[in-house]
Amino acid sequence: MPESELESLKSRGRIVVVGASLAGLRAAETLREKGFKGTLTMIGDEPYEPYDRPPLSKQVLLGMARAEDTALPRRRDIEAEWRLGVPASGLDMAGRRVKLADGDEVPYDRLLIATGVRARPWPNEAEGELDGVFVLRTRADGAGLARRLEAGPRRVLVIGAGFTGSEIASACRERGLEVTVAERADAPLVGALGGVVGAVAAEMHREHGVDLRTGVMVTRLEGDAGGRVRAAHLSDGAVVECDVVVVCLGAQRNTEWLAGSGLGAGPRGIACDAGCRAFGITGIVTDDIYVAGDVARSPHPLFGYQFLSLEHWGNAVSQAETAAHNMLSDSAGRRPHIWVPAFWSSQFGVNIKSVGVPTMGTEIMITQGSPAERRFAGVYGYQGRIIGAVTFDNARWLDFYQRQIEATAPFPPEFSNVDRRPEGGRPVPADFPDPSVPTHGPTVTLSGYSPADRRMTFTPARN
Amino acid sequence: MKQGILSQILDYANRANPYPLYEELRRTPVFHDGEGPYVVSTYHEIHGLLHDPRLSSDTRNRGAAAGDPLAGQEEGEGQLPPSFLKLDPPEHDRLRRMTNRPFGPPHSPRRIDGMREELRSIVKGLIDGLADGRGGSVGGDGIDLVEQFSYPFPVTMICRLLGVPREDEARFHVWADTLAASLDPDPDADAEQREKVTSSARMELGMYLAGLIEERRKNPGDDMLSQLAAGHGQGETMSTMELLSTAALLLIAGHETTVNLITNGMLTLLRHPDVLERLRREPRLAVPLVEELLRYEPPVQLLPQRTPLSDIEVCGVTIPKGAPMWLVLAAGNRDPQRFENPDRFDPDRKDVQHLGLGSGIHSCFGAPLARLEAQLALSELARRLHNPRLLDDPPPYRQNAVLRGPRHLMIACDDVRP
Amino acid sequence: MLRLVVDLNRCQGYAQCAFLAPDVFAMHGDEGLLYDPQAEAAQRERVAQAAAACPVQAILVEDAEASDA
């Protein structure tokens, strides 16, 4: 019997992975795990082997670990050819080649794009280049910022109170450093968790001695004669003297290198189907290019088939595994990426975790514990169902809420439970700053025993 | 489903091997025979329920006509308030957090790690004692591993942990033995007499602990009881009654389970001589081996005190509010839907996320200590006992179906190595 | 040298690792976990105990020296 195309791919094919971070590494390991014996090339713009980023805003800033020591453990040997320190600069879809910035070209039979995101820089380039102004995304960023905090700055200014900004502020306070946080919204974390939880986060900042300024923008960074940052000007007229500024304004997707390639890539990421296959700009799905991790946007059946872009550690791992599996499978063997979004953050000594898509929620109900005690669980409701959940130091209950989300359980919850407090127990507006409420579509229930054994069951749309 | 499977599980005749009954039970993941408890026996359902905030551990939330044959059989706490084992948040969280403060991280991260040498020396002393022929010679009638090793080891550890003075340890052992026996009533004995002995032991232990707490309040040491007694202000201080209740919980829960874990472990090893020989050569095998043991022969077979706070549905069965429930951990641990070849004891098993120590907020408080105790006990027994053999298989079991384990484990060996 | 990473989505703060290898894992508050992503070889046995004890099997360890050998 002649060898099938898939068999020859597995035995002698060429797979190229662009992006040598978490998603790229876990995909490469999965490819080998699933019996890929051909050549594997890992392309990464940073000169380091894959490392883990979450410690950079926590252990590293606390001085518990060095940024240089964050290399990811390997699940197995991947026997790859590494092209590190050289970014990909272009893609020839017809010729199946990745172009590198050094002029090289790498041919492929299957391509996985996992180029991730980078920190959004301070918009004024000259101000952003002042000494003492940082972003925090890479190992080098982490090492530089940790060194500067070690030196004992007089005041750190954090611009943007999302998760990264809040974690940095927390680490600074733990090290006894003065810190000001400037946030455009009314409270920290509102973009991810809404105003009700944001108010709790704001109290945590203030209790720990953070000078939290909300509802303001930083309009200008000012340097001294030596080119070192010395102050920031805020939109309310205030001036904050500071010698370290950390810009935490979110991320930008690394897709510029794909401009003109014909792939459906842009500032919002690279669109792919639920099986991680990239879309061309034609809206036709490719069959040799796959996407995983922060740079991907893929439709999720639990959330109205909206394309979700998730900058989540767990998503990168899960999507990489699915992409790798599908790269080596025929159409019947492919499986969808239906990971339920989940993330964590550790700040001010509190463990914050979330599942589902809180940002879709229009209401929130505190079901357990008490926000005043910084120990609670809350669920987000959308069109009468539970769509997301958050816990503060209550992670052991989160599995339950994830199953509620998967089962499209009704909101507000109809059950009694332990630790229900009088002040909770009723839904209130979740208070997201920009509620982008999509129209209702068919709902989908996930069921089955394990993530590997999930079956989708369509249920009719509610009303 | 055959009638009376719960009675069969409770029947002493089936104590040595309840696993075929659990297998039968799993065919009905939520078993209920019209009265009595709702019994859940499959892994995923148990795991889900352990993380389900609709379930209460507070037996006061149970309906009056509960009809649970195990009700009231748990440890008698006398006049003490319920321990955190039988409380829900927020009281559970508060008491457990306070108890944890002098025990483990974040406030006392080195307490357990710092006891490694002490554990080693206690184990060494006990195994040396087996060689001395104290209470049973090596070559003679054999050694009762329960009496001579599994029992004294954890009690001594708890004494050291709490800070019971060495000179009082012997008295402490007697009370612990009496209370342990009350968990395991001999049906032929005089119930009234037993109850009298038990309650007198409970009283004496309570008085002793109360005195010790008083003493530690005046002259605190760095032991756990001193720190518990000192408290931490701002509602983070236990009352004396809470403290007594907590100390009793640590004593009973920390003791009984570890005895069974170690004894079940040695029994399992003696039934798997190849694994025992490997452990003798590679003591590090003890680490994964104890996890597999917690799956294969968990010291707590089932959790008998959960109850739903509203009607809940599990596998298509509605469990009404206030109904008694049993979560049969030992059955879930052998669920073929979760574990490959579940009836095989395989210390190399890669996927061993067992239910042996529970899960969720009530997961075993003393787990790290139990793990170290069992790892050290089994690896040292394997290393030092030369050619150990089981004299009685199956061994005689204790009555208790929940805290299941051999009452005696008679073994012989050719020599005790140094 | 040991490399490690903890899947903190899985982690529920049971703290077994922080009990058993306190020089590598530390609880930050009641539930949050911080760890040294690169531990000394001397911690090998304790890290192995920590990883085995994790009730949610969230700890991945790579023993760099063992794999080089």
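Think of it as A, B and C in the order they're written, each chain with its own count starting at 1.
The rule is short, and it goes like this: contacts are C-beta pairs under 8 Å (C-beta built on N, C-alpha and C of every residue); 3 or more make two chains touch, one makes a residue touch a chain.
Remember, predicted model here, so these are calculated numbers, not experimental data.
Pairwise, the chains sharing the most contacting C-beta pairs are A-C.
Centrality by Cα centroid goes to chain C.
Rounded to a whole number, the gap between the C-alpha centres of chain A and chain C is 23 angstrom. A straight line joining the Cα centres of chain A and chain B is 42 Å long. Multi-chain contact residues, meaning those touching two or more other chains, occur in chain B at positions 359. Within chain C, contacts with two or more other chains are made by residues 26, 28-30.
Multi-chain contact residues of chain A (touching two or more other chains): 396, 398.
Contacts from chain A toward chain C in the complex involve residues 52, 54-55, 58-59, 62, 64-66, 69-75, 77, 313-314, 317, 342-344, 346, 349-351, 353, 393-396, 398.
Of all residues in chain C, only 14-16, 18-22, 26-30, 45-46, 48-49, 52-53, 55-57 touch chain B in the complex they form.
Chain B meets chain C in the complex at residues 97, 104-106, 109-110, 112-113, 284, 287-288, 291, 351-353, 357, 359, 363, 367-368, 371-372, 375. Of all the residues in chain C, the ones that touch chain A in their complex are 2-5, 7-9, 11-13, 26, 28-38, 60-62, 67. Residues of chain A touching chain B in their complex: 367-370, 373, 375, 377, 396-400, 403, 414-419, 449-450.
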